[in-house]
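Please go over the structures that come below.
Two complexes, one shared chain (chain A), two partners (chain B, chain C).
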Partner chain A sequence: MTLLEQKPLPAKTSRPPYVLFVLAALGIAFLVLPLVGLLARAPWRSAPSLLGRADVTTALRLSLETATISTAFALVLGVPIAWCLARTRLPARSLLRALCALPLVLPPVAGGIALLLAYGRRGVVGEWLLRAFGVSLPFTTAGVVVAETFVAMPFLIVAVEGALRALDVRYDAAAASLGASRWFTFRHVTLPLVAPGVAAGAVLCWARALGEFGATITFAGSYPGTTQTMPLQVYLALQDDPQAAIVLSLLLLAVSIAVLVGLRDRWWSR
Partner chain B sequence: MSVTDVEPALLEARLAVSRAGWDLDVDLRIAPGGVTALLGPNGAGKSTTIQALAGLLRISDGRVVLEGDVLDDTRAGVHRPAEERRVGLVFQDYLLFPHMSARDNVAFGLRAHGMPRARAREAADRWLARMDLAAHAARRPKEMSGGQAQRVALARALATEPRLLLLDEPLAALDAGTRMSVRTDLRTHLDEFSGATVVVTHDPLDALVLADHVVVIEGGRVVQAGTPTEIARQPRTRYVASLMGLNLLRGVARQSGVVLEDGTTLTAVDDYDGPVFVVLRPSAIGVYGGQPHGSPRNSWPARITSVEQQGHAVRLAAKGPPDVFVDVTPQAVAELGLTVGSSVWLTVKATDLVVYEC
Partner chain C sequence: MNRTAIGVVAAGVFLAGCASSTSSSSSALQPGSTGVLTGSTVVFAAASLKPTFTELAKQFEAAHPGVKVVLSFGGSDTLAAQIKQGAPVDVFAAANNTTMQTVVSSDDAKSPVNFAKNVLEIAVAPGNPNGIKTLADVAKPGLKLALCAKTVPCGSAAQKAFAAAGIDAKPVTYEQDVTSVLTKVELGEADAGLVYRTDVKAAAGKVVGVDFAEADKAVNTYPIAQVGTGKNPNAGKAFEAFVLSPSGQAVLHAAGFEPDA
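For the complex of A and B:
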């Protein structure tokens, strides 16, 4: 180790060049001002009564329920996907990883259209589901869950795969040498050791599902009580009741802040 | 070769592994209760051997039989995975499960074999007590010292009652102070183990203290095998000789003496004819400021190329021919004014030369 590495950085090198400093300050203002605006213009006095309104509580409950169910599905399907991507030597692994990450970059509206084509009444799988089981997903609460899972699961996959890659694979070898089957090892060694990564992925996934708009409105529509989640209600309220839209946005902001606080150990307390 | 050839072997293995630009071909036979040390430099194939025995790596050719149980047989297409072998493995860095207590680490293998949690924990506690760790059963690995972690790893491997125990550099992760006591301790536990043991090490002291049979591997091949005493007294490669702190020279024995590869001749008392190894203990070589007169039959001029303190002695590298290492006292260094570049005369008695056939 050299002398330079042992000492803390001298003050001079940690001061940014003026250009970077000015641009960074501008960028931070750009990010923070909308939040300030939301807080400044919020109708604080009417907020409590608004939040107690039946249609608001219904939408809120629907959002929380569908986001939670979607996260559960994402855990059941996403953790195995992450394991396969991190641990196996599948030939098409990079392609598979790209496909799993696609919903991250795909515009959610396009995702919604794609969902209709696959699981809609005339869709590739949907038509069969309808004929064989009489199940129709579009424009139902189940459809909301499908849309949210589709959009949010990649967040979980990415987080869990990262955690699995950081884990020493030799723990598996140690477990095998003690006679543990691969399933036993997964449950008792691998999963507990990546639990923090799984938790972080689940929180991200849940937050993304809660805010889902585009795929949901396209695939599930916006029926109060069954498919109208909070983000959809905010958007509709903006047209005839802007005050309500602000309050509902504040509520979503509060949830987001709670998520960030939940993740603080992993992200911003270094 | 040794007793192990006569006794029925518990482990009989011929392992061949080939990779691009490198291959391994090793034979091992270990009797019940036997401890074999695999000694060799980095990259010699020690770890590959141990992984193959554990079933973590598929051999390209060969056969592994443990107590009549065929674990690998490439001709017959047999390969039993690690979890189906009665083989315990202690990793160099132990790899204790960090989210479990010492007790649950030791109980893990029993639980994996289907033993109920309570019974597995009782068994684990008995193992920890045997290792003098009863007071640390509830501790997590990061709360333990290196020596304690090593014993937990050993208990974890032994708890599943393996017939073959593999120890990968068991003392390498410990500091010099604890290594001595842990080594002695380990020897005691290995003595109580009825199965076969393979210890991988690059430290000759580990091999000599822990094992009753030493196999030296270099470049994927067994270059020497024998009892610790044989290995220590009669090394057959420069690597082994340097590990034992000996000078190893090669030559041809004639009536006049041993003609070394560098052309010089040394007088010996042993009566050999043909290619031989000659071992010179560094402490048996005398150093003089000028040409000595008197009894030693072998003397030659040399130049000092390095001077290093080693414990209580000073080790000199001397350029001859022949080139040798010499151990002298610090007083001798001071009296003769020895530094790098000094010209000296080296002597050795004919009776101090150990000569044996190549």
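For the complex of A and C:
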């Protein structure tokens, strides 16, 4: 943690760097125009009936459920990972951190194939799962949760680890000096202090899980009501019913905006 | 799998766009198809045509040294949607006539010609561990069946076959193209999948094919047409003619396609 005072920029600089403004304006237009396109071409009149269709509500419910369960798993497993990475002197900690962040940079389809080879019916772990418990993950809703957790958990780990590193370790030291065990300190001192970071990480993780496409379709397949989530339905709708695809994309856009509003304290007010 | 496909398509379209700006000027200097062909021509083809069209493009390029064939494969419906959105394509080869008609009715292509037929087979693991002999066997409870989505030609053909047999199939997944179905069977995640005979042949022993009686009711006919959005119509026309020529048909036949008679 650095305690450098941030000095305000000097009021008068020689020349405003216009080139930066121009490039920034171009960049913003590039990012915003697709959203404008979506709004401009949306079939607003048929939207309500489309959103009420049974297959749409089924896919939406499945998406919301699996994203929420995945986020719960990511919290249970990801917060301890973040704590280990931030607060312990584990050997090969940088390597562990890189491994945990791998799904962030791995193409999701490649992640899906890797999941099949590990947890599929013939996979390294999956074969044993099937033999010992009769459990086969591909083509099940549980498989969707596995794919989404794999892809989304790193977002939570990165956010929580950042929050833990920014936290003054002397809070922990003070608790320890008063006789608190490490577990007690973690629950009653550390966790409440990084709660905003955990919440932000959970929201990002949830949003990523909601939008998951590649790993899901590769690992879990696509079946209405079981594994066909919203992004998969948007893709399928694009093939034979582009209007429906636009409306479904708008729905996902609305959810994304809701996520940004939820994170406003973290991102907007700075 | 399809995201990558879209990426490849996008890259192909982009490259084609870059290359065609030079090629269109040269082809404008040489009206008619008698001149020497130059530049690159963009061919969109159904996923099930990947091995054959890759080979056909290689032979075509060898016969016309000035031409580069830019190939892009995907689900027929995805490709048709991209053409309707203005993707610069010279030739489109679809896996069924319904899909081709959507491009014809949007005035992006005209006078398609049928160039091949493909029959469905049941793909199973080598040795056929579940003893599948008929189409009814794949609908047995507990057996994991993978099908193409109903919007893709291999999926609509599968639905026709099941309807002809009066079987209510319960697949575990509707994949977005035929190669994804094949992958699920190859990896052993699905016990059976309905794919084309040519896919089984191309998988070269990683899966085996089981013929079934109702396949005759769901034969897929492949039409090819020139597309108006392209930048190199002369080369496109020549490529279409090559696919329909005896040497082009021989490549298709070797891969398991049947001639459209």
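Assorted remarks:
Going forward, the second predicted complex is superposed on the first by the 254 of 270 C-alpha atoms of A that agree within 3 Å, B and C clash if a C-alpha of one lies under 4 Å from a C-alpha of the other, contacts with A are read in each partner's own complex, and residues count from 1 in each chain.
Assume contacts are C-beta pairs under 8 Å (C-beta built on N, C-alpha and C of every residue); 3 or more make two chains touch, one makes a residue touch a chain.
Because the structure is a prediction, the values reported are computed rather than measured.
In the superposed model, A:Y171 makes contact with chain B only, not with chain C.
Shared-chain residue A:G179: touches chain B; no touch with chain C.
Within the superposed three-chain model, A:P192 lies in touch with chain B and out of touch with chain C [touch as defined at top]. Shared-chain residue A:Y235: touches chain C; no touch with chain B. Of the two partner chains, chain C is the only one touched by A:P107; chain B is not.
Once the two structures are superposed, chain B and chain C can be ranked by residues of chain A touched, with C on top. Those residues of chain A whose C-beta lies close enough to touch chain B in the complex are 168, 170-171, 173-182, 184-185, 188-189, 192-193.
On chain C, the positions that touch chain A within their shared complex are 1-4, 75, 77-78, 81, 144, 146, 149, 151-152, 171-176, 180, 184, 187-190.
Residues of chain A touching chain C in their complex: 107-109, 116-117, 120-122, 138-139, 213-214, 217-218, 221-224, 227-228, 235-236, 238-240, 242. Across the interface of their complex, chain A is touched by residues 54-56, 81-85, 87-89, 91, 95, 97-99, 108-109, 111-113, 156-157, 160 of chain B.
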